[in-house]
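The structures come next, written out as structure tokens.
Shared chain: subunit A. Partners: subunit B in the first complex, subunit C in the second.
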Partner chain A sequence: MSAAISSGQGRAAARLGLFLLLLPAILWLGLLVVLPHVEMAILSFSQRIRAGVYGFGFGNYLEFLTEPLYWRTFGRTAIMSILVTLITLVISFPVALYIAKVARGATKPILFLMCLIPFWASELVRTLGWMMLLRETGVASYLMQLAGLTYGPVELLYNDGAVILGLVYGGMLFMIVPLANALESLDDSQVEAGYDLGGSGFTVLRRIIIPHAMPGIVAGSIVVFMLSVGNFVTPVLLGGKNGLWFTEQIYAQFITRFNWPQGAAFGFMLLLLSTLIVWAGLRLTGQGFSETLRRS
Partner chain B sequence: MWNNASPAFRLYVLAFYLFLFTPLLVVALFAFNASLFPAPPWKGFTLEWFTGEGVIFGKPGILKDPAMLRAMFTSLKVALPVTVLAVVLGTANAFLLERKEFPGKSLLAMMMLWPLVIPGVILGISILAFSSRIANGLESWLNMDLDFLRPGLFLVILGQLSFILTISTLIIAARLKKFDRNLEEAAYDLGAGRWRVLTTITLPFLRPAMIGAGLVALLMSFENFNTTLILVGSDAPLPIYLYGQMREGATPAVNAASLLLMLVAGSLAVLVAFANRGEGR
Partner chain C sequence: MTEPADLALEQVTKVFAGHRAVDGVNFAVRRGEFFSILGPSGCGKTTLMRMIAGFEMPSSGEISIRGQSMLGVPSNRRPVNMVFQNLALFPMMNVGENVAYGLACQGVGRAEREARAVRILERVGLPGYEERQVTQLSGGQRQRVAIARCLVLEPTLLLLDEPLGALDLKLREHMKLELKQLQGAFNTTFIYITHDQSEALVMSDRVAVMNKGCFEQIGSPRELYHHPATNFVAGFVGDANAWDVTPNPSLGPGLGVTLVSGADLRAHGRIGAVGHAYLRPEAIALAARIEELSGLPNRFHGKVSAVLFDGAASNLVIEAEGFAPHIRATLPQAGALAGVEVGARLAFGFSAEAVKVFPA
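Here is the complex of A and B:
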């Protein structure tokens, strides 16, 4: 009898403990993530009927489809982000291979840590560095004039190249870390066997090294793509008026024009874009979402 | 086989590291240029952009500039609550994920990862829209102003917390997973109560991860831009203030502030490394 009571009390205490631990998690996810997105969904489907009166409708999404500036900026953001992801992958792969396989002894952790350092500096600081290098009065232009390569100052800022450069620079760490981790477990004897069987360096890379690195490639690419699509500072500061990034449109609708329903619809389009591309990437390569996210 | 990497390969890696560090070195270098513009040519070394009163260039150095100091203080006012909440709630989440079983647990664990894949701008606008709806509803009901639900530091703190909490949860849960439950059992057998076991056995074991999570939270809060930009009111934290300065065409004062930010971030990074070393025990 008393045992039954105490076990009943134990169960009540355990339930109370569970409740107390669940509370912050539910408040966090409910009030800061789920309900705000529900509100954004409601907002995106409300359109102005007449001054001060709003009703349900697809007007904001239609506006997106019919206004070329909006859907072009959207498509441009998507295509440039894919391009940024590919460039980042190509640039980072040899470095990751070097860190994982070539570097020996103390060089390995040093090279690895040196990759991390720039990313402890804020995104804003990194962008400032590129602005100072690329602008008309900047370091690159100055050095080119000193070397006699050009006669006047050269403006290297405010074009698509500068935006891509800035985004690639910002994404590299998130590519190198998962790549190096994946390559670390590559068995050297497999590579040797590939050579022994008469494979050229390229064949070994294509048939052995890249397939082995695939989980890292997928994880890195997804993170780099999402960071690019959602970026704001880099396209605005390095692209200037030509930046035309979709996050800028969202900001403009919300903060500058105070047209929240339109901004909410844009927000959902951006979420849709990143979800679709990530899903397609996972499907194409047969990887799972949770493992991939954990890996990165 | 890997030892005889071709010189071209080595050269490529070297070029990569140059590419990696050039922008940061340029930022740091021109913080000390005795010129009104953060651009070449080099006009001599000065500390004017850190400690100057503004006599030489007409603009004060960052440590004498009230606007800059206010921005730094604002950043701190945001970062401290975010850090404390991230560690405390992150620890609670870690216990929930590692110690409790309940229906819907895997769904909840999955949802905790969500904020990492939502772009910062969207986290910002969704929280802004939701808090405005609540404020509008409550204000007409209570007949009073609820300014804390309007753009301002309170919303900035919540906005940053919404995704930083994911990271602190992951860090602390990873450590709790490694904990040997036998240690707790032994303490119970020796007659210790729940509270005593928690405070003398489990939490000390988690301490390195809690410190690490706190430092990461501090850094991420200090450097967050996108979410903060949407939710900020009239008090601008440092990154938002610097962004405004950069758009207007900056003086080397912005470089000086950036260098300071890099140094703070660098020392936090070293501290994180030390906290991680503690985890090896």
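Here is the complex of A and C:
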């Protein structure tokens, strides 16, 4: 009898212990993620009826659909982010392959470190660095004039190319790490077997290396896409007035126009957009989300 | 002129950072032969095989297949396929896709590819396994898929790099027979690399014994076992008592040697100032009394100090004067001495030919 009671008490104590261990995570999720989102959701459906009076309505979302500037910016952000993700993938794949399969001994950690070092400076500083390189009086323009490629100074900033460059640069580390991890586990003899059975380099890449690296490709792509879609500093500084990134619209609603309900609605549209594209990407590549998380 | 050998190597050498991993190897393999390369780990046999497969290029020498030089030919253009030590099946493909992979690389159409994969899987004893995932197969089945994946391409040569190493003992014994049967059924030339002498001796038509980058001897399993050409082969192939010896001409006629531990033996072979003598445990005759061994030139008394029971391969450890630390003889499984126990006194003897002597 008393044993049963004490074991019951023991179980209650264990449950309390577990609860206390989980508490920081629960608080973090609840107070900083769930609660603000609920608040934002409510806010996004409140619509101004007359000065100082707000009521429930879909006006903010209708505004998004009827004003071409908003949904065009929205579409542009999505397409450019997908482009950034693809370019990052194409550039990072050989780098990751080299780090995972070719580099030996001390070279490997050194290469990883070289990918990491730019992240010791803040994103703002890194982006300002690109501005110094790309602006009309900058290093790239100067070198091009020196080489006789152009006669006058060239403005390389404030166009889509500069925005993509900045975003690809910022995303590469987040692509290289999961890719290199995935490729590391590829057995060399599988690649050799691929050649031995008559495969060309392209066949081996397409049928053996890429399928093996798929979880890494998906994980890296999700991260890079999310970072690009939600980026603010890079499109504003490198794109200037031509940046037209959707985050700028959210910023403008919240800060410049002080229209919080509209900003909240935009925020939810962005969340919906990125969720949809990630879902579509997973479906397209035939990868499960939970499996991707497990393997990356 | 006779038809060219399926594989011929001439003076093939591979140098890694000053170390000669393979040093001047010559051999030729006939069509349909089961040829093994046997050697301890680190002897260069894997490097040699990788050069035949095309993953490494020889530093010097010539490799030719059916008379065609393979120097500068990449592995995907060679009529050679390899079964890897870990099999290297592609886990992202099912069994049928694994087998059809090589055909797809050759540009064979889908329908024919699938038909040929089905046929080859039947021939290796895996009918209807096309849709299975590689991870669902047992060790022996994976082995057969790896072989089918190569044989479907009808290669001139099939290279096997210790493919039985990962299997348990029972399955390994079974696969030895099966590999030999497959080789007979397909009549493909097999080149088999192993450090396990039993695999090499059981399956091969000919075996090359490799040591420190060189071939010590090439011959049939019987030749290697009964007539080893070198010190290394005598010690490596099969089980043997091994002693350091010096010549003792007073024992003549024929070769006489004295063990470092003192026993005088009539022996067979060549010797310099010092040498090594090898005596197989099964070449030793045992008797209760020494008179029964009168036909043998080497006769001694001894005492059984241990019985190492291992079924048919059981050994007796015998302590005898002049033999240090001891001498091992095969445990008789029938006859008067079948039930011999530790402590028993007995006589043992062997012919002069059974003692193989090589210069040190």
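Simple rule for what comes next: the second predicted complex is superposed on the first by the 258 of 296 C-alpha atoms of A that agree within 3 Å, B and C clash if a C-alpha of one lies under 4 Å from a C-alpha of the other, contacts with A are read in each partner's own complex, and residues count from 1 in each chain.
FYI, a contact is a pair of C-beta atoms (placed from the backbone, for glycine too) under 8 Å apart; a residue touches a chain by one contact, two chains touch by 3 or more.
These numbers were taken from a predicted model, which means no experiment stands behind them.
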Let me test your reading of the model: by the given contact rule, A:V84 touches which partner, first (subunit B), second (subunit C), both or neither? neither
Looking at the overlay, does A:S122 come into contact with subunit B only (first), subunit C only (second), both, or neither? first
Determine, under the contact definition given at the top, whether A:L157 touches first (subunit B), second (subunit C), both, or neither. neither
Let me test your reading of the model: by the given contact rule, A:A193 touches which partner, first (subunit B), second (subunit C), both or neither? second
Once the shared chain is lined up, is A:V177 touching subunit B (first), subunit C (second), both, or neither of them? neither
Partner chain in contact with A:I208 - subunit B first, subunit C second, else both or neither: second
Of the two partners subunit B and subunit C, indicate the one touching more residues belonging to subunit A. B
Residue by residue on subunit A, keep only those touching subunit B in one complex and subunit C in the other, then list them. 192, 195
Report the residues of subunit C in contact with subunit A in the complex, numbered from low to high. 53-55, 74-77, 80-82, 84-86, 88, 90, 92-93, 101-102, 104-106, 149-150, 153
Quick one: which bits of subunit B touch subunit A in the complex? Just the residue numbers, please. 1-3, 5, 9, 12-13, 16-17, 19-24, 26-27, 30, 37-41, 89, 92-93, 95-96, 100, 102, 108, 110-123, 125-130, 133, 158-159, 161-162, 165, 219, 222-223, 225-226, 229-230, 239, 242-243, 246-247, 250, 254-255, 258, 261-262, 265-266, 268-269
Under the stated contact criterion, what part of subunit A meets subunit C in this complex? 187, 189-190, 192-200, 203, 207-208, 211-212
Per the touch rule, the subunit A residues reaching subunit B in their complex are 17-18, 20-22, 24-25, 28-29, 31-37, 39-40, 43, 91, 94-95, 98, 101-102, 104, 111, 114-118, 120-133, 135, 137-139, 142, 169, 172, 188, 191-192, 195, 226, 229-233, 237, 247, 250-251, 254-255, 260, 263-264, 267, 270-271, 274, 278, 290, 293
